[in-house]
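What follows is subunit A paired twice: with subunit B in the first complex and subunit C in the second.
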Partner chain A sequence: MSFFIEPVTRDSVVVQIGKALDFRNAADFKAAVQEQVRSGVRNFILDFTDTGILDSTGLGSIFSLYRQVSPMSGQVVFASVSRPVQVVVQLTRTYKVFRQFPSVDAAREGIR
Partner chain B sequence: MAEHSILVVEDEHTLRRLLEYRLSKKYNVRTAANGEEALVRVSEELPDLIISDIMMPKMDGFALQASLQDRKETSVIPFIFLTAKADEQSRLKGRRTGVDDYITKPFDIDQLLARVERLLARTSHFQTQLDARIGEDFSRKLIPKQLPRVDGYKLEFHNAPREVSGGDIFDWTEVKPGVYFITIGDVMGKGLQAKVYTFSFVGYIRSMLHALLRTSDSPAEIMARINQLLVDDPPLEDSFATLLFLRWEPARNLVTYANGGHPRPVIITERGAEILSYSDIILGLDGHAEFKDTAVSIPPGAAILTYTDGLLEQQMASGEQLGEEGVIRAAGEAFGSDRPLDRIVSGVLSESAKPEFADDILLFWMEREASMATIRQTPRWFSPFGESADPK
Partner chain C sequence: MPPVKESGSSGSPQTMEVTTQHFHGLDAIMDELHALFDTWESDGALLSHLDANTVQLLRLALHEWVANIVQHADFADNEPRVTLQIVPNGRRVKCIVEDNSNGFPFMKELALRERALEPFPERGMGLLMLDAATESFTYAHSEDGRQKLEFTVSGDKESWLNIPF
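Take a look at the complex of A and B:
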């Protein structure tokens, strides 16, 4: 399964997370964002509009991305966070690291 | 599940295409026209099974098989010989090289498919069994065999790992007489890899605790150090864990905790159950993250419940996850029970969508006995063992 990735600027993209990011597709997510990082992308807007499931393996793959791009002044931000995702973010207190935006458009503005 | 990959080695073009066509409906098929080509294919990526002709130009099937025996990782690939040589001599030679099956041309393709299927099923069955056995072994070693025994306290522990289990942690150590450090956590990831990692992680935390406790007994300080190591140490890169440290001093009826992104504990008193709300970020993400200690005094009769996300994320019949509200309710209902954790487990399962937990769960219950005044209300002195069992 692939992830839909839409370029915003030369070094920013929106990644549509889709219905689920969990142990079944976390490796695909990693591969997809790795390719982006290799081609110079540093800022990732993760669109959680439709996301019903985010498990710890899925969250781990987002953490890996954060660990990779933050030393290069990159950002990982969350947009349009669904309730199930919000629960996980609250639990792990990761809102301290991932900025949240009410919509993808707001995130596009916010990371400029 | 990923498709099995099969390498077909056959010099005869039509037969090669036929096998490729039939097998590719179920498997990921690659082909080679002789032994030499086959070795190249194998070196590119190990197949799950090889079907090979015997009589081929350049390098024949026997030579291919012998060459695969030289390397450990290729010698274990299931191997089926396919040949027109129906004579007994080549059959014996085929047997001698240690092939798994031997099919004589002309053959029935459905029979070949059935044998391929059986061979692959057997191999993956062994793999699954092995993984499960190693995983179980780690699980058993990860979980302490006993709990601290402290007068005036009742401790309970419940652990139910699933087959494809992850990295739940529970560990305790008496750091000095009367002071206990309890570690509860969850290492991210699933399967054997997470298990192996968790195993080393627990050993790591144990040795860290012993080293750090000489200079500090603050759970938050120790948590900050472990977080830093997770972020800085290359071998631990890409590893994340939620961690809950409890420093428990029974004599003072005091628990001091630091919480790194772990599901928040519940305290249950006569007034009801409530969340111990303070917590900090998960470990391994931000090297500069700060952690804070929170002290909780435990009144007589009160209990503290800790749990892992498997409980929190259990799907209920209502369609919702259990969530913190559900945990609070279950903890409140279990309060006062002889076996509070059994009560929580059965209570949650009775309202679950399915009659079992979808994920590992690990529960820990620490209950301070009610004060002597309360105990005296029950006529304990009628018990012939009551006085001698009581240390006072």
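Take a look at the complex of A and C:
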């Protein structure tokens, strides 16, 4: 499964997570964002508008991205968080780490 | 093969209808599981007494367990068979998942994962997430030699997994 990635600025992108980020496609997500990091992207807006499933492996792949970009002053933020994703965010308390925005547009403004 | 559904009343005045689903093979089990939840949530019948967050915790706990089965369970030469029972009970819901794998030392693995959890872990959170999402659980061999996970999810429990950041 591929992820749609939209450039925002030279070093920022929006990643549409789609219906699921779980053990079945986490490797694809990692590969997609790795390619972005290699090309100079440091800020990632994860768009969870349509996401019905975020599991432990999916969250682990986001942690992996965060570990990679945070030493380079990069950011990983969550936008338009669906209820299933919000439940995982609350359960794992990752709201302490990843800023959340009500929409992708708000996130675009917020990471500038 | 699509999941096969059974249903029936337990007869207890405290307990609503028991729903049972049988899954054969693992290729499509995750899609089938989530399709069931989509149906249950849209028709409002099975899980209507639970608040939306509790339903999502239930879905997450089952997802993590089935993911564990798909990725790690050893079925030897047997065709994988998984049975799911849902027993709504007030603001709680009990789940029983049985499978014909060889099983594994769940409690030992859980303790190991808790000790080994690193900051921002990439792997090893699945069983911990299941533990955090549930009010209580047991894992044992059933009398017919199958593996049986039984857990309860409650709308009254404040759940969290303490990941080091």
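In this text, the second predicted complex is superposed on the first by the 112 of 112 C-alpha atoms of A that agree within 3 Å, B and C clash if a C-alpha of one lies under 4 Å from a C-alpha of the other, contacts with A are read in each partner's own complex, and residues count from 1 in each chain.
Quick note on the criterion: a contact is a pair of C-beta atoms (placed from the backbone, for glycine too) under 8 Å apart; a residue touches a chain by one contact, two chains touch by 3 or more.
What you are looking at is a predicted structure, and each value in this text was computed from that prediction instead of being measured.
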| item | value |
| --- | --- |
| Overlay on subunit A: subunit C relative to subunit B, clash or fit | clash |
| First, second, both or neither for A:Arg83, with subunit B first and subunit C second | second |
| First (subunit B), second (subunit C), both or neither touched by A:Gly52 | second |
| Which of subunit B and subunit C A:Gln16 touches, first, second, both or neither | neither |
| Touched partner set for A:Arg67, first subunit B, second subunit C, both or neither | both |
| Greater residue coverage of subunit A in the superposed arrangement, subunit B or subunit C | C |
| Clash with subunit C, by subunit B stretch, listed 91-99, 181-189, 217-225 or 379-387 | 181-189 |
| Subunit B and subunit C contact sites that coincide on subunit A, given as residue numbers | 23, 55-57, 59-60, 63-64, 66-67, 84, 87, 91-94, 96-97 |
| Residues on subunit A engaged by subunit C in the complex (per definition of touch) | 22-24, 52-53, 55-57, 59-61, 63-64, 66-67, 83-84, 87-88, 90-94, 96-97 |
| In the complex, subunit C residues that touch subunit A | 30, 34, 52-53, 56-57, 59-60, 63-64, 67, 70-71, 120-123, 125-126, 128-129, 132-133, 159-163, 165 |
| Interface residues, subunit A side, partner subunit B - complex | 23, 55-57, 59-60, 63-64, 66-67, 84, 87, 91-94, 96-97 |
| Residues of subunit B touching subunit A in the complex | 166, 186, 188-190, 231, 237-238, 240, 242, 261, 263-264, 279-282, 284-286, 289, 309, 312-313, 321, 323 |
